[in-house]
Amino acid sequence: MTMPIDPDLMRDPDQNKRRDLTIAAAAIVVCVVLPFVFPNRYLIGQGVTLFLWVAVVSQWNLVFGVGGIFSLAQLAIFAVGGYSAAMLALYLNVSLWFGMFLGGLVATGFSLIVGLACLRLSGAYVALLTLALATALQVLIITDTTCFMRQGVTCMTFTGGSRGLSRFGDFGFTAMLGRANAPLGNYFLAFAVALAAMLFAYLVIYSPIGLAFRAIRDNKLYSIGRGISSVRFQLLIFGASAFFTGMAGAVFAGHYRAIGANILDTSLLLFLLSMMVIGGLGRFWGPLAGTTALLLFDEAMKELGEWRLAGLGAILLLSVIFMPNGIVGLFRSRPAAR
Amino acid sequence: MTPILEIAGLGAGYGSVPILHGINLSFGAGQVCGLVGPNGHGKTTLLRTISGLLPTTRGQTTFDGESITGLPVHEIVGRGVIHVPQGDMLFGEMSVLDNLLVAGTRLAATSEVEDRLAVVFDLLPRLKERRFQSAFTLSGGERRMVAIGRGLMAGGRLLMLDEPSLGLAPAVIDEIYDVISKLSHAGQSVLVVEENVTRAAEVSDVVALMDHGQIVQVGAPETLLSGLSIDATYFGG
Amino acid sequence: MDTFIQIVISGLVLGSMYSVSAIGLTLLWGALNVLNMAHGAFLVAGGYAAYYFGGYLGLPAYVAIPGALATGVVLGLLVYAGVARPLRKNANFETTVIIATVGVALVIENLVQKGFGAYPLKQPLSLQGGFNIAQTFVPWNSVLVCVVSIVLLVLLDFVVRKTRYGRMIRAVAQNYEAARLMGIRTGAVYRFVFAISGLMAAISGIMLSTATTLSPTMGYDPMLKAFIVCVIAGLGEVRGALIAAFALGVLEATVQFQLGVRFALPLLLLLVVVTLIFRPQGLLRKNEASRL
């Protein structure tokens, strides 16, 4: 005897297309109009930061929140994308525009390798492995002193060492839009990457693939029983979540016209982790909500700079204990679909 | 005579799914009660509820005249209700002796521990031979004996055995049931869960039949064995 | 010959530091599946507490050190009551507890920094002087650190293997539900393990600060090393962690002397990665399922 499939099981109770479209439209309008209403350099710079972190966190959320794989390699993937684009521009004169896509591809390859390494592991072990990889990457870059190229009297290392890479140019918005409007170019480029990353996340989360991911996360045995291959999905999610992360890395490099190993600092990793957790793990709007909230928090903390870490820690701790579904979880009418 | 265990209108389940729908059961001190019924009808759930692993949603459990409903597991164990779980759940990396000693941790005096250990080894001499062996290296029958021995070490005034014959060869089942009937002769109260009705009937003073989270019939083994209701439950009549 | 002696001595000192802090971590993991990211912060707290009692208040060492140890124990208990216990029922306990303890670490680090400043301080409670072995100067403090950690680890191994409490810890680690059915109060066991873990962190924090200096971020590196030790020994292995700590200490010293400081950490991390990929249960453990 076969059970008829309950149509409710196939529909995701979290999905609400009308609501999502309304929020998206409003957010897009705000982001497009804001830099023209307040043509303020600082604000535009903060906008770029927001978009880049939204892009990274929304992809990380696919791995951790949706896939349930506690990878801490997301900033390493971001760095690989950024460094690749920067090196391609610096050593091979590849335009950053093209390098951005190549950076995304290299990041994807790197992430697939990380995914392969994590295949047999779960939970805390994945966290330890990925943290070890990211730390090793940072240490190797910082301590790199081998001469790769002479630049006048100074000696350049391949990775830029502790000083980082610079002088590889940018996206050329000064030439395109003029000096005054150049920041707007970066702003909208970062915006486009964030938008693409979120759209991709949306497709993944609400696709059959996304449902399968969540099935694996929530019940490994069940999904094995149903023939859902966790190996294939795990690799897929590692690969898929890396492309836009790597691209964001390249945009970061182009925006700052430099990239250094400090983007692999644990403090930044924890900051982004907090964004993901506080926003709501595995929820589509979580990364946007979390990133916005924590950047606002940082802004507020400018006055109380010395308490920033404690504030961040307290928020993280309290939200894990009292707000397990994050900010987004507060706005839901129905109980979690578990 | 006050019953050793008296369950009245007991309800429990997992999350929001109710499994037990008002269980009523009672038997006297020194008796062996066989709880039989097909797979998946809530026998394990009932034992887990009695021992406090699962919260009681309604009804009462009374042990030796005192309510134990809603007490924490360690207090229920402290009163002497010992649940020997389905599938043994031994501490696999520990020696047989350590498995037994863990169950004796509640005992204050070393002499008490030694006395009890002597009783267990007397009843289950195989465990004495194997006492320094790691639990995971034992055979299925030996593991079952460790599980029962552990229950005795914990000082069970009521021993609840969940499917003591599960996964064992017939000859080994005979050995295990020998142990149960020795315990019974020594005056031990036992609640034994079985799928195999004939086995349960051999040792039991009372047999209760469980069906879809309810006790549908209670009685002496002979009367139940000849009745029709077992066929109905087992063969879907 | 000189280099060899230097390597051995420096390896032993590194190893003893790593081992004490690794034991605290690995015990928590083995018994409760808690990967305590605040372990480094516990170390910092222990070191600064010793400084506060001994240096700032000027109390004698026999008061200051127990005071610092008590600080570690209290922190361990607080994290149990405030973090591990409320999260215990959570389906993703293993990962949420990692995130929550990261939060704890940030708070502690910030508090220490506000209370004592960001600049390195000297730990007043350290032994002065030393002796020579064939041209190599060996500080008394290093000898003390070595002896204390070996004594501690042997003691702890004994507690876990031979005592009633140790048996309860192992029972809870190996089968939580069966342990409950045997009447073990699991909450009490957890509290005990957290207290021990905090104690070990405080001890290694004090030892570390006597060998180097105090700073609010001094816990990060030893915590990383402790993770490395735990992974290579197999998370949850007590005796294995001891062996791995000393082996890695000597390995690190050798690499530092022979290949240069630059490669020591990446090599250890590489070892972690390779271990996790090919032998996630660790190098010093017999079978995959084994716990404590």
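Here are some notes:
Letters are used for the chains, namely A, B and C, taken in the order the chains are written, and counting of residues starts over at 1 for each.
By our rule, contacts are C-beta pairs under 8 Å (C-beta built on N, C-alpha and C of every residue); 3 or more make two chains touch, one makes a residue touch a chain.
All values reported here derive from a predicted model rather than from experimental measurement.
Across the structure, the highest number of inter-chain C-beta contacts is found for A-C.
Among the remaining chains, B is positioned farthest from chain C, on the basis of C-alpha centroids.
If you average the Cα atoms of chain B and of chain C, the two centres end up 43 Å apart.
Chain centres here are Cα means. That of chain A falls 53 Å from that of chain B. Our note on geometry: chain A versus chain C, Cα centroid distance of 32 Å, whole angstroms. Within the complex formed with chain C, the chain A residues making contact are 68, 70, 117, 120-121, 123-125, 127-129, 131-133, 135-136, 139-140, 143, 145, 218, 266, 270, 273, 277, 306-310, 312-318, 320-321, 324, 338.
Taken together, the chain B residues at the contact with chain C in this complex read 51, 53, 73-74, 77-78, 82-85, 89-94, 98, 101-103, 105-106, 150, 154.
The part of chain C that touches chain A in the complex is made up of residues 29, 33, 35, 83, 86-87, 90-92, 94-96, 98-100, 102-107, 109-111, 113-114, 220, 224, 227-228, 231, 235, 262, 265-266, 269-270, 272-273, 276-277, 280.
If you check the complex, the residues on chain C that touch chain B are 164, 167-168, 170-171, 174-175, 177-185, 289-292.
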